[in-house]
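This report refers to the structure that appears directly beneath it.
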Amino acid sequence: MFWKSTYNEFIKIAAKPRSYIGIGAITLLVGIILFAMKMDGKMYISFITAPFEQSLSFEGNVLNGNLMAFIILNMLIIHVPLLVALVTGDLVSGEGAMGTIRLLLTKPISRTQLLLSKYLAGCAYTLVILLWMGLMALFVGKMLFGSGDLMVLKSDGLIILQQGDLGWRFFYGFLVAFLSLITVATLSLTLSCFSENSIGPIVSTMAIIILFTIIGTLDVPVFDSIRPLLFTTHMAAWRSFFEDPLPKSQIINSVVVLFVHIVGLLSIAIYKFNRKDILS
Amino acid sequence: MKNRIYFTISFLLLALLLMQSAEAQTPNQMLQGVYKMVMLAKDYSVDANIKVDLPFIKILPINAKIYFKQLDKFKVESKSIAIVPRQGFDQFTKMLKDTTTFTSIVTGKEQIGTTETIVLNIIPNADTSDLILGKLWLNKKENVILKSQLTTKSNGTILTEFTYGNQISYGLPDLMVFTVDIKKFKIPKSVSADVNNAKVTEEEKKKNDRKGKIFITLSNYIINKGINDDVFKK
Amino acid sequence: MSSTEKIIEIKQLVKHYGKFKAVEDVSFDVHRGDVFGFLGPNGSGKSTTIRTMLSLITPTSGEIRLFGIELYNNRNYILSKIGCIVEKPDFYKYLSAEKNLELFGRISGVAITKSKIHEIIEFVGLKGREKDKLSGFSHGMKQRLGIAQTLIHDPDLIILDEPTTGLDPQGIIDIRNLILQLKNERNKTVLLSSHILSEIELIANRMVIINRGKTIIQGSVSELLNAQELIVSIKVDDVRKSCQLIENASSTATIDHVENDSIQLHLTQEMIPTINKLFCDNGVQVFSIEVKRKLEDYFLKLINN
């Protein structure tokens, strides 16, 4: 019954117009970035290499598809979580607002199974969003800009990663990025269990992300103890795969923190959903 | 005011030259000898291995192909990103082409390895010159430069050390080591791809004022076989 | 004739929301084969009781047994044998009627085929509209689709909460006939909550009336109503004389209400021809005799007391 319910949820997500907002937005955003870089990418490169330009010259295909993919992935921080929450935040509360929750919960499927089937479908949607972004970024980027080494700009310098060394980095980077987006999906689904309308969970999810991001970036000692525990601090963990040497313990720590958030939030969602009186 | 200073320095240098008139060659003559040497190679292509040791850049050694054609056509071809000194490989040919644009003075002798070199200071005659000050360590016997330190307005100060092998007859080195100044690397956090907000340590702060090196190992020269100008188009 | 097997047993059901008591003490039984009327004024706790039976709401206390077994330990099994409409039927507006039925049918516990779906759609009068999106459906059409989804998995117990709301007169008749068909031909048990008391009176064989969260009365419809007096409205030419005749006759009829051209009496069914003869013999012209809806009055009397 769980898989039947999951299949139902896939159908619902695929049929909802709002599901295509995310895909459309990513296509547009990626297209705009690629167009802008095609027109003025050299200026962007100059900005990166400016501190060295007096003495050094960077030869080779600096503005390449791999750099485009990296820049586009950086969008993950604020933009794509919203697109994910737009769908996953509606999974439970949307049914309440529509009234279909009444009928759904009178079917012979446990509430836990129903919620998990919605969650699985939401995760699948998140994967589609990420894969689409990866496809656009890597393949279209390489078609337009060719291949080459990746220049990663950090606050303490430049790292230039050879193109032969990038495949596994992008793969694991995407995996960890997926994990961070799943955390956002789980948060919005949990908030959805507490709400009777669609907008509340979506706005609340974004508000929490923005608030935690601000706390994470404020260089104030009072937040030092909680900063490592915030999931937003670890949402950019995928970028660790583009460092040399690879900060393995940092990556593992981020993965663990994100997993703990996912499990904790999902537990709260299951508890709330099971005890919820359906009054709408 | 500047002209006056140059005039004064020139006068003193002239006096010094007269004192050294017992030497067989003047500095300019020595440099002309070097110029003739480097002009022997009208064009060449060479395999290069570029290794960078700079304080703010992490990059693995890469292989590249370098093309050069007199007087100033220069191209680095590589699948990877190659970091090379901005001044390129044509610094001497451009500088030594017209010795009237600068004044050269022998300031002494220095041992580099087993070779005794003559140390020459190069002072440009005009304010408008890109070169501010130059120092060359010349192997007079082979008419090659073993070390150079050039301070230019556009590229700052670069110290270059040359090691020669089979192509010494063309003045083409097997190894070039460039030492550059990298100062005060600063980049806005909004642009950087930092994951962590770790505080900068004192040691890291000291990196803000350091030198770095670029090692270019050259092999398999193909000299004077003709290189099409299209190769140098970007 | 109702069997003695109990399909629904509700015992001392209580549901509180903080200090507010939505249901205080509701108890009733529904037997196999019943068309069971579930009556109560607005806010009496009907909806809360139905939702509790369907595990949409967790009761504060009380016992709920369906098909002879306790609800909360056997929820999935019990729900697989129930088809229901709770308040208005809501579906996915962005899907077609057919897709909606497929979706809900898929998780109803039995295999649902496309031919079964088409059969049900035709049965409820939506043939030709199965591919249309729900956003274009009228309220009546959604109601029909709601009934379709209660039947799609052939359940033993059907719970209908206001099933005729928004339907036209033909639609109401169709639903009534459908319910009777389900009972008589397929031996289904139907729990029917409705405000249209005449419909309940026509099709229900047993009923319960609740008010302010408590059971007022339950039992067979015919037994409960026949035990009571009727209210009869008689249109006459001389109301004053008619009233005098009734008072002088010292019959079991009592005057309930007098209007300009009619008199309303409380009396048993057997007394109607006697009163008619009394008026005619004494020169009072009788234009019409109308028996007012029994259940409606019975209901109002119980609620107001």
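Labels for the chains are A, B and C, by order of writing; each one numbers its residues from 1.
Heads up, the rule we're going with is that contacts are C-beta pairs under 8 Å (C-beta built on N, C-alpha and C of every residue); 3 or more make two chains touch, one makes a residue touch a chain.
On a predicted model such as this, the values are computed, not experimentally measured, just so you know.
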>> If I average the Cα coordinates per chain and compare with the overall Cα mean, which chain comes out closest?
In response: A
>> Need the most distant chain from chain C, centre defined as the mean of C-alpha atoms.
In response: B
>> Measuring centre to centre with CA averages, how many angstrom lie between chain A and chain C?
In response: 52
>> With centres defined as the mean C-alpha position, give me the chain A-chain B separation in Å.
In response: 48
> Per the centroid of Cα atoms for each chain, what is the distance between chain B and chain C, given in Å?
Replying inline: 100
> What positions in chain B touch 2 or more of the other chains?
Replying inline: none
> Residues of chain B touching chain A in their complex?
Replying inline: 54-60, 62, 64, 76, 78-86, 88, 154-156, 158, 180-182, 184-187, 189, 191-197, 200, 204, 207, 214
> What does chain C use to touch chain A in their complex?
Replying inline: 51, 54-58, 75-80, 82, 84, 86-95, 99, 103-104, 106-109, 149
> Once bound in the complex, which stretches of chain A touch chain C?
Replying inline: 1, 4-5, 7-8, 11-12, 15-17, 98-100, 102-110, 275, 277-279
> Which residues, counting only chain A, touch chain B once they are in their complex?
Replying inline: 47-48, 51-62, 70, 74, 148-149, 151-160, 162-163, 216-217, 219, 236-237, 239-240, 242-244, 250
